[in-house]
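What follows is a pair of complexes built around chain A, which joins chain B in one and chain C in the other.
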Partner chain A sequence: MITSFVLKALDRNIVWVTALLLVIAALVPALNLMTAPDHPLHIPTYIVSLFGKYLTYALLALALDLVWGFCGILSLGHAAFFALGGYAMGMYLMRQIGARGSYGNPLLPDFMVFLNWKELPLFWHGFDMFWFAALMAVLVPGLLAFVFGWFAFRSRVNGVYLSIITQAMTFALLLAFFRNDMGFGGNNGLTDFKDILGYSIQSNGTRSALFAASAIALALSLVITSGIVRSKYGKVLIGVRDAESRTRFLGYRVEHMKLFAFTVSAMMAGVAGALYVPQVGIINPGEFEPANSIEVVIWTAVGGRGTLIGPIVGAILVNGGKSIFTAAFPEFWLFALGGLFVLVTLFLPKGIVGTARQVIERRRDYHKARQAEAARALAAEPQAAE
Partner chain B sequence: MHARLIHRFLQCLLVAFCVMVTMLATDLRAADDLRAMVNALGGGNFQQSQKQVEALAKTGDPKIVPALEALSEGDLYQRKTDGTVFIVKPAGSNFMLIDALTGDTAGEEAKAALEKIKVNNGLRRTIRAALGGLTLMSPETGVRLQAANTILRTPSADALDGLDTVLAAETDGAVRAVLEKARAASVLVSDLPVDEKKAAVATVVETGGRDSLSLLSSALATADESLRPDIEAGIKQIEDRQALWAAGQNIWYGLSLGSVLLLAAIGLAITFGVMGIINMAHGEMVMLGAYTTFVVQQIIRTSFPGLFDWSLAIALPLAFIVTGVVGLAIERGIIRFLYGRPLETLLATWGVSLILQQAVRSIFGPTNQEVGNPSWMSGAFDLGGMTITWNRMWIIVFSLAVFAFLLFLLKKTPMGLQMRAVTQNRRMASSMGIKTPWVDALTFALGSGIAGIAGVALSQIDNVSPNLGQGYIIDSFIVVVFGGVGNLWGTLVGAFTLGILNKFLEPYAGAVLGKILVLVLIILFIQKRPRGLFALKGRAVEA
Partner chain C sequence: MNTLASNAKPTSILYLDGVSVSFDGFKALNSLSFVIEPGELRAIIGPNGAGKTTMMDIITGKTRPDEGEVFFKGAVDLTQKDEAEIAQLGIGRKFQKPTVFESHTVWDNLELALNRKRGVFSTLFYRLTAEDKARIEEILSTVRLTNRKDDYAANLSHGQKQWLEIGMLLAQEPELLLVDEPVAGMTDAETTETALLLKEIAKTRSVVVVEHDMGFIRDLGVKVTCLAEGSVLAEGSIDFVSADPKVIENYLGR
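Right after this comes the complex of A and B.
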């Protein structure tokens, strides 16, 4: 069953992109670690980290594409799932600091000592173990999405209403994480990480490993989502997107379909967040900003909604553009981003990948039509000669 | 005839002169008497001084107030050579002498040449009572009120007699109220019979206020058994009343917040509620309105300072026009291509909001701009136990006025009729000859213009910065969704409900947690009623 799931998942494009991802997962760390800094093929560590970050963003955009592109749920809360995964990882990294913090407390993170807390809050227990933190990075966003989605889909909140309440959810989380009493470092968030699984978080090796992990996670997620949308369930999901009432009247439990997609998507976003935090070295409540969630939507839209590969392309392009733009002309970045929102929705509704596919298909159809015409003409010719 | 007139005039003048001289003479004589009495303060023992103070108090002359105050402070000295009494101030190793009655300086004298007039606590009490009585007779209401408050703060049985006489003469209501309370307070610390004290407790309870509470609790400590239940009941009554006022104040704050939400959301109720357009740039329209106010005030400040009180009235139509035009441009340029694709509209307008924010940031800078309150919007007044600031008051009034205006526009004008027709059935409206694209554009411009007007009002209570709109966008959407899309009344009820709910949760949960709770409640509420409080019924819902 699993093999058939995977085999179905792998159409030609997905195979290509997955293979590419796996290749760079091996090649980039190799070029970073095994070449001398002055070698022409050497990739500096900051580039590795930067692209590692882009890959986690791509994973987030891919997660959004599963619900938005294939199920029609425009979630404006995906950055919240991302941030929750990030916080889970951040908590593990905080616990790893141990007695090396400024206050030297072996058990409590610095900010707790600063706030005069005497013991570790209950929900911080267990985060000294990597497997537990990794599990939480997936489970917490998943659980939140499950509960939230269960309520929302059951009462048939959809369309823009759903978008608005997901945004309200993100906003509530933002406010909550800003509070010092929550026990997540308040305004400053979690930072000053030292090491992960015993390796220094600053070292080139760790950075490369994180990059590889991100690329592999992205490749895996791509295969999984592709499998989902190409399975029978995926077909129904697309049915939900295009004609929800009709699908329901055909006898499908629409809310279950949506809930499954939403939860899986949130878990993927959580993984992305968990990979993101060690690469940027900080997680703070700013990640919950509703604006961030909307930005994820534009990555997906630029690349092409409902194409799976598009969101990956879009996330990397937009964020690459952002890095270049904010360095060169910082005051114009918002103009560019705003313009991107407007232009893409007006002129490129299918996104880059979607439009490219359309063009290719049209050309193929055109060629086919030409060939068919030529064949007909050939068949007709002898008769004319006679 | 002429001569008689002049004669008459001279006569009058003469009479007036005589009267003046007589008055001056009595005045002088009185001053002489006073001086003698003040001088007599020195030299004697405490009992004599006390008698002298009482005698001075009987004159009722406010001139002796400084001397008595100085005596109480221990700053009244007698010159050994001639027995004159002075108020002194230390000046180096000498004393600077100040005339006890006139307050003029009268040279310096070595410390050894003066003798301090001794004072003890008994004498101080007498002085305080006397002073209270004296200032209470001052012709100025403010002075009397202050004196009455002083007695209220330091009640003593000695002040009772004075208070009774003053009360009999007092006509000003406010002063009278304080005096009565002060009297009651004094009764409570005196050794009068219990019945009188019970009456006093009743008086204190009736006036209420925080000071009454402390008064009664201090009285409770010393009161005897028969009085205790009365005082305890009184305290409870006051506390209940205070709780009621606090609730009232909370409702007021809630109304105030609700009016802000209403202002922010009402434009959205048009664009989102009526037209179904998700306008994420709505907050930026509010921001543009606020910046219009800033620009208007800036011009007024530099060119027509006299018009400052009118700045808001001038800014109002300008803000409406500016944001209306921007809204029109957005609708014609972007939104009209996206009708029927609400999620895409959301993204495109979000892009517009980013552009507008950055544009304002580039032009005006990222910092907060100062927008002033006109004089009629600053200050506050008291209503019972509540304090009400004028700007909040006006904003509530204004938000309701805007609401009424919109309601009128939608329900009673041809334009409103067309708007509603297009919203309900676009094709039918079009068949009836309504230019639907124009109605769309105008409706959107109207919603944006209303947001701009809201910005003028919000500039009075919020920081005017490029991020102003961001703070309102989520709240506005929640208000509209909560109230029920397509229903202005729903927006009104939704805004005020959320405002009051927020302010009632705040004392228990804190500001941030209160807000989170409200958001969670809303999310749960939408599960129950996905179409809001006042949902539209019928087929239009599914469209």
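Right after this comes the complex of A and C.
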């Protein structure tokens, strides 16, 4: 059952991209750790972390593609699931600091000591264990998506209305996490991390391992997502996207179909957030900013919605562009991003990968037609010779 | 409310009694009542806005009636169920505007319609069995789309889309088919073929066809119900109904 699911997932492009991700998961750390800094092939650690961050963004965009590209749910709140995963990991990293904080409290993170708290809040328990934090990074976003989706899809909230309430959701979380008494470090969030699994978070080895973990997580999620969208369930999802009522009158429970995709997608976004936080060294409420979720939509659209590979390409390109652009003209980035979105919508509605596919398909059809013509001409020739 | 002989209810496949529904004060259905017998093929005619599509919306759970009874097989109260439940009970519906999954192939359209488990996990791990394959192939040849099975539904002609949708209905294996304007936009030859197809289908299940094309209705040669302003104007053979002065005034004469 599982093997057939995986086999179906693997079309040629997916195999290529998965293999590429696995290769860079091994190669980039090797070039960082095993070459001298003056070696021409050496990859400096800051580049490793920068691209590690892009890979987590790519995973977030891939998660969005599952719901937006294949089910037509334009979620403008996906960064919230990402941030929740990030907070779960951040809580673990805070607990790893232990007595090395400025106040030297072995149990309480600095911000709690500062707030004069005497005891660790209940919901911080368990986060000293990595496996627990990792589990929560998946379960909490998944649970939120499940509850949110349960109500939204059952009451048939669709289209713009759904997008608006996802924005409201992330905005509400933004406000909540800003509050000091929520117990998540308020405005400053969680930072000053020291170790992860006992290894220094700053060390080259850890940075490389986090990069590799991000690449592997992305590869794995790509195979899973591809398996989902190529199964019969995935075909139903596309049916829901294109003709929702037809799916209903065929007897499918549209709300269940949407709920599953939405929950899986939120879980993936949570994993992305959990990998993001140790690489950037901070998580704060700004990650819930509604604009962040909109950016994810732009990466996905630029790369090509509904292509799985497109969102990965889009996330890396746009963020690469952002890193270069913001270094030169920081004030203009938002205008550039907005302009890019408009241009893509107008001139590349299928995004980079979608358009490339279209071109290849057209060429193939053209060649097929030419070949057929040649064959016909050949068949006609003997008669002409008579 | 008892406009019909209640004794028709237990043996009927579809039973509507005193069904009314209004939209913003406009009565789209006004105490509509009729009965379909098991295995019956029934044609429904009536002017634009008579409430024919609304009637189908009520039967399939898309719209809830303000009042009245709707029963399937004499015992199942359809007013209490939603679209998916009603479809799973065995009522299939073809829309007035042909609605197929345009970005899927003809084959996938039929595979999705096939009467199999419809849950998330059963579809996630579904594998095409030899039996399902044979069934899809059979339907393909019934609706004459075998040589287009790998084409995207978007690339079919209007008439072929209508046929694909009928094929999807067949794949659902419903006991009752509701078919809204199946020959709209079809050529005369296609129309004749469609009449034959529907008669063939009606041998094994009940079918309700809404249509404006009087030639097509004659081809069917079955009992006709004429609706106007949300209720039944006349019912009987096509000759009987089209001779009715009220029908001529409200529909045919216009």
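Just so it is clear, the second predicted complex is superposed on the first by the 386 of 386 C-alpha atoms of A that agree within 3 Å, B and C clash if a C-alpha of one lies under 4 Å from a C-alpha of the other, contacts with A are read in each partner's own complex, and residues count from 1 in each chain.
Following the convention adopted for this analysis, a contact is a pair of C-beta atoms (placed from the backbone, for glycine too) under 8 Å apart; a residue touches a chain by one contact, two chains touch by 3 or more.
Note that this is a predicted model, so its numbers are computed, not measured.
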Partner contacting more residues of chain A (chain B vs chain C):
B
Let me test your reading of the model: by the given contact rule, A:Pro278 touches which partner, first (chain B), second (chain C), both or neither?
neither
Could you look at A:Phe178 and tell me whether it touches chain B, chain C, both or neither (first, second, both, neither)?
first
Based on the superposed arrangement, let me know which partner A:Ala243 touches: chain B (first), chain C (second), both, or neither?
second
Which partner does A:Tyr233 reach: the first (chain B), the second (chain C), both, or neither?
second
Counting only touches as set out at the top, which of chain B and chain C does A:Gly85 meet: first, second, both, neither?
neither
Contacts for A:His256 in the overlay, against chain B (first) and chain C (second): which applies, first, second, both or neither?
second
Determine, under the contact definition given at the top, whether A:Gly69 touches first (chain B), second (chain C), both, or neither.
neither
Who does A:Gly310 touch here: chain B (first), chain C (second), both, or neither?
neither
Chain A partner, complex, touching residues on chain C are 60, 62, 82-84, 87-88, 92-93, 95, 99-104, 108, 111-113, 118-120, 123-127, 168, 172
Residue set of chain A touching chain C in the complex reads 1, 4-5, 228, 231-233, 235-236, 238-239, 242-243, 245-254, 256-257, 260
Where on chain A is chain B touching in the complex?
74, 148, 151-152, 154-157, 159-161, 163-165, 167-169, 171-172, 175-176, 178-179, 290-291, 294, 297-298, 301, 331-332, 334-335, 337-342, 344-346, 349
Touching chain A in the complex: which residues of chain B?
278, 280, 334, 337-338, 342-348, 350-355, 357-359, 361-362, 470, 474, 477-478, 481, 512-513, 515-516, 519-520, 522-524, 526-528, 530
